[in-house]
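Given below, in the form of structure tokens, are the structures.
Presented sequentially are two complexes of chain A, the first with chain B as partner and the second with chain C.
Up next is the complex of A and B:
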């Protein structure tokens, strides 16, 4: 191996690692606030990318119907409560859960004058996000809110079930074959014999911006502080008047947004399939485990390490790449169990 | 409810469910319509809906179960079809590991089985149980011979191999390396990647460092486009070869202009319209393509669905012979059907011309493959 190959591999590892880092942050966030190990995190990656791809192909993405279906379900669950709260509450619920999906359906079918196929790329991306991201809080409302106080194991089992359901729906919506989307930027820079594509700069740049934005959100904003408070002590936060339900929904909104955006960022670099998300999410999970599911910076660094390790092992022993990446968990767990005090979870 | 009424009801229910089973020919189908092999299994599943509903004047029922590309499920489904539905013949499964696992069960139940998976091991007559097993897709070895022949005649001396890190890639490497060695073709790199990988930069750099004249990518469906796109992006200028696993429209859509000039071996059904008019396969293949596209839209056919269609054609030719010797549902019928399948001669199917024998339960010759080139975003017959 010469220096140039090492640099190329390093570049590839950092681009992939940036995506894993975003997903590991989302996983840590969801676990800290709701205690859910969010296995379906990866599905948002696939849904985001494939929704964008179907919009560009001039098809109506299946996620649109999922958005409407979940909207109907949430309305049905929440309507009695909202009715008691007053007509304004009910109107808000209907607007969010029924009118919004219908507006999205209208936009996809060309209500804005032109079909999304002919829109500029940025608007297409925004529409794809607008369709996929609300699925996060909707899924929280339907699947996790009723069992918010359940033990971690039950939450994990529900997360696995949700993952399987979403993968199945993905196959139904998008078919078995994959898709790619056009690059955000066709630019390429030559730096010391190394070609850096505009798209890889987009990925690394967007990841960095998101990480900083999350940092500011948690450090400065009221909602961010509320989420942190919930993560540290649920009962204490509730006594201070923070709604754990709102915290849960907000967390899932962020997780879905991070997932969908990651998918949209990598769709021009690689082919995305309905089930790509699981493996990508799992590698983010390895990063999150390195951070002990609590530390954001360590999780992000761990995810970068996963990306680099993956890149270099694909050069040396491509058949064993996944084995090497996932074996990383074992020494990390040993190290963590030796260094950290074991705390029995209070139930 | 008194006891008499209860038992009467029970008899009525049993009769209602059992009645069609006794009179008709029941075909148990196991396909991988979900999971990693879904892109192969879905067109196969769609194809069964297009098949004739009667053979030799008898009604045919297709009982289709999905095995989710999982070997355990394939075995479970096969048992269910054999014991509960009492099927006369099993068709399936889509992929090699599942088909290999199903052989034991079909042989144990003395029921003929027609596999739609590629490996030659499925019909390796060294295993006595293979007496009951037939298959429709070409052997990997036929396809790799075609690739090696094309490479040597094009003056290729060194080749780099990259394939799926699973049975498909491994099987291809074994067959390909054997023939390549015999023909003095040097394999300078041997890499693996996974279907869901998001990057193959490492493998691509290693392959390019070996400076091969040509690259062979052994993958199926759209995932096979990833190494080719990565190689093009890194500036690789040599020739590209793909396997018949990529022969569907989605591959062309995803790979785009990076796949121009790629060579691959395939069943003649892929380019049915380009076959010369005197080729008997043309009519049969076009018939299938026409039926499939009428139901699923233009350009929707894949060679995988055609393997299922061919299984149907084998049955259409074998069942009338077997019907003379036994009633559907009986042990005699199943044995007669097996014998009839083994005795099939000169049957034209969409992938070739079948001549079965006790030693050959595939029955294809070199007419079952053509070399194809990707040109202007479509398949083009060469030779």
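Up next is the complex of A and C:
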């Protein structure tokens, strides 16, 4: 291998690693706040990318119907409670869970004058996000909130079950063929004989901006602090008037947003299939586990390492690249188990 | 509820139907039953691992793959080295597959089992994916196309080519595995596995090597999966990586959970439900949606979520409530058992336990600050002090749950600080817990028998064949004796979780006594007891003292303590503030200040 190839692989690794880093942050966040190991994180990547691709192809993405379906389900579950709380609560619930999906459906079918296919890219991206991101809190409400106090293992099995259902739905919505979306920027720069595409700068830049934004959110904003408090001590946070339900929904909202945005960022670089998200998400996981599911900076660094390892092993032993990446997790787990002393919690 | 539905006849009818099945069922149903049998074998391993042991694996399909590929490769490869010639047949393939699987499981288990709860399933996801990609990318295993032309099995010269004949083999193997698993669970080794769910600290205090117990069920579950893979390869006579991927591994776990992960027969129910449902949905959904694909996963995912929300124990308990519980065959013979040998009792006054300058520091907090105390044979020492004084921390130092930061602990003249609690327990120290740690679903008798764990020796293989019935009878008889002694004689067959809290504390004492200790550590045994029960407990402790046992007692009930204890040690803020005879410490000004606040 010469320097040229090494630089190329390094660039590739950093671009993928940036995405894995974003996902690993989301995973750490979800685990810390809700104790859910969020296996379906990857499905949001695929949903985000494929929803955008559908909009650009002038089709109605299936996620639109999922948004409406879950909206109906959440309304059905929450309506009795909201009814007792008063008509304003009920109106809010209906607006969020029924009217909002209908508005989205209207937009997709051209209610704004032009079909989304003819919109500028930025608006298309925003619409795709507006369709996919609310699925996060909706899924939390339906799948996790009823068993929020269950043991981690039960939550994990539910997460795996949800992943399976979402992959199946992904196949139903988007079919077995993959999609690629046009790049955000066609620019390319020559630096010392190495070509850097505008899209990879977009990916790395957007990841960096998001990471900084998350840092500020958690450090400065009241909601961010509430989430951190919930992560540190659930019952303590509840005694301080922080709703763990709200914290759960907010976390899932962030996780869904990070996932969908990641998907939209990489869709111009790699072809995304309905089941691509799973492996992408799991690689974010390997990074998150390197961080012990607690440390954000270590998780991000671990995810970058995974990206680099993947791109270099795809050069040396391309057939075994998945084997290498996922086997990495085992020494990491062992290292984790040796460095962290496990003390059994009292009830 | 008395009914005709006794377990024996039901099992009999089931077996008769199973044997007669192929005579009148169409080919298609036989195939379905074959697959149910194969899947149930894997799910059975998960029952042991997940339902009983509390460990979760999403990677069982990879072990199935190891079993299938081992035999597929050995029976079809044309250029095997000469020394492997002996293995180039299905039986060689079985042996090789089992050995490879056991080694891989052992390695993965050693690496990942000591991780706390959720890391293990994550690890299984990772190696589940790794092995799947490995099968698909190794050239000698045929890559993604796989291996075809695997020979069919021959038993005593009879070739099992027909699915109807193979059916008998699959179900025979499955029923044997069920029998072995049931035997295992109903034994000393099985109790130590079931104890894993009660927490590592409790199991280790009873002398159970929990690391080993976890490894054993992990390897057993992998071997069941491997056996299923071997059967699959010779039934299908073709293998490729697809059925060994992570999604199938997840499906196996679903089978166990939906059937009822804590019950052996739940594996069969779960495998049947999922297999039949899958068959039906695979026909129905593509028509419904007008597209091809594995849409059944949507239904499985939703079904699983509903089951975990509404009926976490799965279908089996719901089916089983129509059938009365079957008592162990040994229950009627407890009285004829020969008593277990007892430990030599140290003579009265022998120094049993000595704690010297023990310090325990948690960060900046000194939980125990140069604590000293000693307990002799035939003596009851009470350790009292306000909440947060460091009494439970001291218990943990003595019993080996947590090593002291500095200082010494001597038990029977030997330094034990730093030893693990299992080793210390073996030397003759037994304890109860402040927060009761019983296995709620197990009977009182079984819970107490767990205490006698260290007095038996037979391991897993013997237990699976039930060749240890003599020893098991003696262990259960000892447990029954201890139950009688503490006044639980009428509750032997009750689930421990169904007793009131006070009685559960007494069960803990019986469990500790079943270990035949010379030193007994009791953490608030009288909490939650009624007056008469307290009196009975005091009588029991006096009797134990008369027999030469040393007792270290933490208790808040002062009347109970002062009537019973020979000496009292008072702690506050990690330090000993007083020691002496009960009536002395009662008038000690430092003690009065600690309990009632200063006198101005």
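Going forward, the second predicted complex is superposed on the first by the 344 of 347 C-alpha atoms of A that agree within 3 Å, B and C clash if a C-alpha of one lies under 4 Å from a C-alpha of the other, contacts with A are read in each partner's own complex, and residues count from 1 in each chain.
What we mean here is this: a residue touches a chain if its C-beta (ideal position, glycine included) is under 8 Å from a C-beta of that chain, and two chains touch if they have at least 3 such contacts.
Quick caveat: nothing in here was measured; it's all calculated off a predicted structure.
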item: Clash or fit (per the criteria above) of chain B with chain C on chain A; value: clash
item: Partner chain in contact with A:276 - chain B first, chain C second, else both or neither; value: first
item: Contacts of A:329 with chain B and chain C, given as first, second, both or neither; value: second
item: Partner chain(s) touched by A:319 [first = chain B, second = chain C, both, neither]; value: both
item: Chain B versus chain C as contact partner of A:147, first or second or both or neither; value: second
item: Touching partner for A:285 - first (chain B), second (chain C), both, neither; value: second
item: Touched partner set for A:175, first chain B, second chain C, both or neither; value: both
item: Touched partner set for A:5, first chain B, second chain C, both or neither; value: first
item: Chain C versus chain B, contacts on chain A by residue; value: C
item: Contacts of A:164 with chain B and chain C, given as first, second, both or neither; value: second
item: Residues on chain A lying within both footprints (that of chain B and that of chain C); value: 168, 171, 175-176, 279, 319, 322
item: Complex contacts: residues of chain A adjacent to chain B; value: 5, 8-9, 12, 15-16, 19, 168, 171, 175-180, 266, 269-271, 273, 275-276, 278-280, 310-316, 318-319, 321-322
item: Complex contacts: residues of chain C adjacent to chain A; value: 54, 56, 58, 108, 111-112, 114-119, 121-123, 125-127, 129-130, 133-134, 137, 199-201, 247, 250, 253-254, 257, 289, 291, 293-298, 300-302, 304-305, 308-309, 312, 435
item: Contact footprint of chain C on chain A as seen in their complex; value: 37, 143, 146-147, 150-154, 156-158, 160-169, 171-172, 175-176, 279, 282, 285-286, 289, 319-320, 322-323, 326-327, 329-330, 333-334, 336-337, 342, 344, 346-347
item: Residues on chain B engaged by chain A in the complex (per definition of touch); value: 34, 36, 38-39, 41-42, 162, 165, 191-203, 205-206, 209, 221-223, 225-226, 248, 250-251, 253-254
